[in-house]
Amino acid sequence: MRDEIIAPVKPRDACGVCGGFATGQDMAFLTCFALYALQHRGQESAGIAAGTGGGKKMWVKRGMGLVSEVFPDSAELKKIKCNLAIGHVRYSYGSEGRSPENTQPLRLRYRHGELATAHNGHLLNSRSLRLELEEGGAIFQTDTDSELLAHLVARQGSINLEEALAAVVPRLKGAYAFVVTDGRKVIGMRDGYGFRPLSLGKLDGGYFLSSETCAFDTIGAEFVRDVLPGEMVVLDEQGVRSLRVTGAEQESLCIFEYIYFARPDSNLQGKNVHLVRRELGRRLAREHPVKADIVSGVPDSSIAAASGFAEEARLPYEMSLVKNRYIGRTFIKPTQQMREEGVDLKLNAVQKIVEGKRVVLVDDSIVRGTTSLKLIRIMRRAGAKEVHLRISSPPVSGSCHYGIDIPNPVDLIANKHDLEEIRKMTCADSLGYLSMAETVAAVGLPSGNLCQACFTGDYPLRPEE
Amino acid sequence: MRDEIIAPVKPRDACGVCGGFATGQDMAFLTCFALYALQHRGQESAGIAAGTGGGKKMWVKRGMGLVSEVFPDSAELKKIKCNLAIGHVRYSYGSEGRSPENTQPLRLRYRHGELATAHNGHLLNSRSLRLELEEGGAIFQTDTDSELLAHLVARQGSINLEEALAAVVPRLKGAYAFVVTDGRKVIGMRDGYGFRPLSLGKLDGGYFLSSETCAFDTIGAEFVRDVLPGEMVVLDEQGVRSLRVTGAEQESLCIFEYIYFARPDSNLQGKNVHLVRRELGRRLAREHPVKADIVSGVPDSSIAAASGFAEEARLPYEMSLVKNRYIGRTFIKPTQQMREEGVDLKLNAVQKIVEGKRVVLVDDSIVRGTTSLKLIRIMRRAGAKEVHLRISSPPVSGSCHYGIDIPNPVDLIANKHDLEEIRKMTCADSLGYLSMAETVAAVGLPSGNLCQACFTGDYPLRPEE
Amino acid sequence: MRDEIIAPVKPRDACGVCGGFATGQDMAFLTCFALYALQHRGQESAGIAAGTGGGKKMWVKRGMGLVSEVFPDSAELKKIKCNLAIGHVRYSYGSEGRSPENTQPLRLRYRHGELATAHNGHLLNSRSLRLELEEGGAIFQTDTDSELLAHLVARQGSINLEEALAAVVPRLKGAYAFVVTDGRKVIGMRDGYGFRPLSLGKLDGGYFLSSETCAFDTIGAEFVRDVLPGEMVVLDEQGVRSLRVTGAEQESLCIFEYIYFARPDSNLQGKNVHLVRRELGRRLAREHPVKADIVSGVPDSSIAAASGFAEEARLPYEMSLVKNRYIGRTFIKPTQQMREEGVDLKLNAVQKIVEGKRVVLVDDSIVRGTTSLKLIRIMRRAGAKEVHLRISSPPVSGSCHYGIDIPNPVDLIANKHDLEEIRKMTCADSLGYLSMAETVAAVGLPSGNLCQACFTGDYPLRPEE
Amino acid sequence: MRDEIIAPVKPRDACGVCGGFATGQDMAFLTCFALYALQHRGQESAGIAAGTGGGKKMWVKRGMGLVSEVFPDSAELKKIKCNLAIGHVRYSYGSEGRSPENTQPLRLRYRHGELATAHNGHLLNSRSLRLELEEGGAIFQTDTDSELLAHLVARQGSINLEEALAAVVPRLKGAYAFVVTDGRKVIGMRDGYGFRPLSLGKLDGGYFLSSETCAFDTIGAEFVRDVLPGEMVVLDEQGVRSLRVTGAEQESLCIFEYIYFARPDSNLQGKNVHLVRRELGRRLAREHPVKADIVSGVPDSSIAAASGFAEEARLPYEMSLVKNRYIGRTFIKPTQQMREEGVDLKLNAVQKIVEGKRVVLVDDSIVRGTTSLKLIRIMRRAGAKEVHLRISSPPVSGSCHYGIDIPNPVDLIANKHDLEEIRKMTCADSLGYLSMAETVAAVGLPSGNLCQACFTGDYPLRPEE
């Protein structure tokens, strides 16, 4: 949803990473394909670094824009002779500015040759690590954790990237899924809590890492397994091997990946995202039933939950909202009057479906509340008799320290208002959020395995003071 | 679906038109909003002509690309003082080249001032009319029927645009929905058969015409009624008035508007497009039942039909295909091996849903057959046990003479192959097309009111020899 | 001088035309080369039309910008199989808007096939011809005289372009050099007064026409002769032939072509432009001698005149003004203070040359006077003791009706002020304009053969009332 | 000469730097003006860093292209509140790649805040310094000496930039003119040999540094003096102060600055570039006299030398070559036949001047010899009876280690061929190079003060082995 670049209304994932090593494959080309599959995780910049596997100078291209804008010509990528590559798509996150300098993979030279790094996540001790490095004379040209990691690696004596990372990684505190290469091997890592996802796939002639499994389908790879919390996975011409270089805590995968971020055809910890979403809808129907005529979801992310709701409630599922897919980056603002009347360029209600009906409208989350109000206005303008808002997750009341771009807590409607106030502010006839317990149950994993901090305020790992 | 510009796999509508007259409204701005709503009808070029209503020099901007590319800055449009405007989006069609010259609205000067014209459709006697005009010394700078119409109007003596059009329209043979302005009034017309849609809406201070009703919602207008076949509608400061200037035949609205072209939230002849599509699916389930586990539709156009099928068949509807919304214009081609394995950038199957299942896959039409084969390969790769292809319309076997871009008949799979051959070529386990009778019944209008020529070969109006 | 597009300070030629017919040559490619040579005559748009010579559909490309922007890839042009081509570069002129529609060559279809037209000049009776054509039902899509000519040709019955033009040309009143093709032959024409230049060159396998002879050198053609006033020259596979289709008056070639417009390496009526300019300088030195230390010219156009002045005055010629060649289209305005101090991005004085010197500054003309003031400020700031302004042409006091873009007479400094006033306004220590008689004598042609209307007010042909 | 980016035929200066500190001035805006004046020193990228003077976060913009392309909107620059700014234009040089990463000024964070650096020149010990830094764990993201300097500064303990630089500079070996800022002050430095120029000017409210004095005129600054070899100049709110932080050798300013690189209106070591060039021409005439009719220079760089030659030889100076100023970046190659005939898009000879004449053609240098051959062909095609080539400097036979981009010695014609061979290869009737002694004498400084290494092979400072 590209216009959200301009006006983000949903929490946003900060990045997607991928990369692999395979002999006899066009790795830069495959990595580009994988980035297309991960595009929903970041639409602000894209980049690829590729190497022969022999440690020579790497090929790097990165830029602002969609994958298709940074790599307009696929033929070019097939010409690059390479056995390894890593890729990255990103949103800017928090303190990281939106400048071209911050695009990734970051490529740099250090004493043992070249290094290219890409990451998803957010380090909690980056400030103190930076200060320490700066004391030692380091200079920083970007705001990225990738540059920080590169500095740490370069300060280790070892020419062996595994050894250098093994020495560095225990110093990192926070959420991260890194993919790093020195032009000889590709190394992936997940933090000890496993906040951010990273999976391993098998290619002809090698292996591939990706933030989400959907990229494996796109490049013809087979899913092998998720990288474990605290695990380091090394891909080179000998295949794949695993190292444990940092203490592993109880896995705390971000539950919002299931609720909203990940692509429906991805599996996380063995659970299919689409099926989880439908189960969220079913449980929502049981927890917050309502007399209604039809059930509708907000396209595209809430349609699965809405169809689960409909199934459970034995109500017809109807596509009462139609999305205009051509709006793009440009933002043409309606007049005040049009806005109040519920006119919207991006979404429109199907009058013949909605007219005179009691509608259950399912959305995956409420952040500021303005979008919900707009949607309900659209429904009422199209003639809906009643609109019952159902949210397939609990109220978002806290920020994320692990790599998700959630608005400042003061802007979160659930932070300042109770249920009835939110109902009134969104003009809904009734409002129901799925409880934390039911949300976790829908995922089907033990509660302790899922980070729920933005809902509960219970942060597995505290940021630095 | 922009990459279809490069490789069209579906029949394509040639154009969308709109325009209106309203005092006290930012008409150029509203027309731009309406074009966003009509963008699915043409993504190759866009344009707007606007005037004060006093007949002075008009403002015109047109160019290649999406509405958002041609009009990147909405603020600019609010600055144009105008009480009337017309707009146009288009694909190139048949003989009309893809050159910038052919963008519309076409603006020109004639003896009584300026004229701007925009149209959707295809004139059957354009060649003979052109020859006749050329004999009289006319010169043509574009391939558009809009220019032809302008020539005919200019050759009439009358300063009154209604009178001039009244004299000209009876000479036109073919399918058309025109929107024309001389800077004083906006005039809309539909051909006597009503092949192409055009509807009238009410704005504060005036009226608005649009190819589809969905544009009314976007600009805050109220639907009034469809323009009738053979009717001319004049919008000016006195409001709206209707003239009949050509003989009206039995209405023959293009049935493909219901099956594929029109936006789901539009109503044509009082029938909602989304609801018709669901009914097509229901009838398809009755006509071609099959033992299966789940039903899925090809996103986005066939989801309504698939959910109707599921409902009728009492099978679970599942979103087993996920669409990548970020592919854009660029075309990155997979390798031969990847292609054979069913790897696709644009669509992916959800393995956890499909695995081991007997799947009914619903699509709205088969043109060349290559897309169906690709989809079924994707399903099988994801583990589907059986894939039963169901098409919510009859086999397309003929071309269209009324403004739809259907591939050459020799490229239509149904033109050269029988049902069993097509089943084999698409690798489906079974194949069923909805019959013509059931398709018409799903729309809910008398068969005589719908043009079905591309299915039946029964053309209401023959092209010139 | 591209920034003059934004702020024209000199009279500007409206256009350059060229074109030819030669078998076995890449005519579109050669025409592009010729347009590069004519680029100084128009930098706002460029275009080429090319045909096989058999009358088939022509290839046309035109657009806003420099030749290098409209034709960025020369390889493309070599692929066009063509024996004939015409080309055009332009400024917008007077009533012709600056819109993309007005780019040339204009290509259009008429009863006998296609026609492409390009012109330099200005028709005086275009308004009445347009009205007459509009009465007959013609429509106009551009403001160009090229479109007008095409209409007139199309209304003639003859399939033979020569015949059609022969019938049409006598109706044209004004200044013009046309190059026209119907895809079978290329025809060039000059008006009966020969206001605008057009020359004929010989290529291997054919002939070529160009506004200026410098284009012949660029494409390897040999100069043959100037096209005569009132002459029509037809190029086709039989070679070249000449027709007289309109009355020829006494030749009145625009004298400003010698003074400023034409390229120094061009010859007009057998006179080399550079040598004429030097002679203008010599005569200026004789007519307005002054005690001084050095002579300098305003780059680039006045350097020839200045060196002639220096030679005659036996004073050293010095390049005291340096031009920045990288300013381009962008216009970065200095602050008020900088402006007053004589700071300028585009021109700078060489202090070591100018300091303490009495400088003769030679310029080719004064239009508004603001540039002269700026130049003299720059000289004084660099330490010049005295600055004597010498102009190598008479005071410009009237507008041009024959295709030159001279500012409105009310903006011409010489129209409202006498010599002493102009001297004061430009802060010159002394000021001298070359007299009309000496200007004509420097060209070396009889006075009656040169249009001097903008200096004398003596217009050979009056515009319509 | 922008197309030389694609096909460099002349030695090229690597960069231009500038920057200053002045209260109450729009420093970013003035720096942009100064960059326009220095554009001839580098046309590949441009950039500006600006700060308030209080050490806060700096504003930086840099990009590929001309100054006018990187800073298209001057209004933007006036909005930046800043008392200090530095600027840079560049060609890529030697090992520095042509990638966007290498644009300058480089901005980075270190322990004491931010640093922005820009330089002209070439460090000879960069490799060993890099290795040493890498040993200490440093990472490098660019190939620039600017990044190297920043690393060295960051490793010094001092918060005081002067102190840090004072400690660092003695370690640098090679040619450099640096401009550095920490957002509090602007510091300029020249290496101990003074290979590259840097001058100091006075602004209202402060001071300004620039590679060439021509930039002072453009921004309304007054020339104060050249920065001395080995001198460090500090500009801050207290004005300007000078430090000597490294040993000063005998000044060895690049003599090619006078011959070709610098702008004619610049003064280096008190000598005006234009006047030096004229003197080069005079001495060339004395050293290599020839019987001839006219003298011409290759525009634009050799016109001064040619006019000096003409003056001394008492021959008429004629502009026999006309340069097309509109060719730009695009490269449209003539056909083989056209090339052999001496057809050229960029330069044309004036036939009426050249025909039947014995021409002395003056150029500033010969590198590969191909350009000379082309020019002489053009002259002969225009009818020149004889062409005598005179070069206003000695034969270039060695590469430059101090920041000038001279082709590999194996490509230098004078490296492999003697005078007579070169004459034959360029088809000249006679050939004369100005001797080293006369070249130095024309500059008017002691020979020991000028680096002449590319002519003599006598390198003041040897590169690392």
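By written order: A, B, C and D. Residues from 1 in each chain.
Following the convention adopted for this analysis, a contact is a pair of C-beta atoms (placed from the backbone, for glycine too) under 8 Å apart; a residue touches a chain by one contact, two chains touch by 3 or more.
Quantities reported herein were computed from a predicted structural model and do not represent experimental measurements.
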item: Set of chains adjacent to chain B and to chain C; value: none
item: Greatest separation from chain D - chain, by CA centre; value: B
item: Chain A and chain B, separation of their C-alpha mean positions in angstrom; value: 36
item: Between chain C and chain A, distance of the C-alpha-averaged centres to the nearest whole Å; value: 61
item: Centre-to-centre distance between chain D and chain A (centres being mean Cα positions), rounded to whole Å; value: 49
item: Residue numbers of chain B (touch at least two other chains); value: none
item: Complex contacts: residues of chain B adjacent to chain A; value: 1, 26, 32-33, 36-37, 39-40, 43, 66-69, 71-72, 74, 214, 217-220, 263-265, 267, 272, 274-275, 300, 303-304, 307, 311, 316-317, 319, 322, 324-335, 337-338, 341, 343-345, 348-353, 381-382
item: Contact set on chain B toward chain C in their complex; value: 100, 106-111, 115, 131, 134-141, 147, 150-151, 154-156
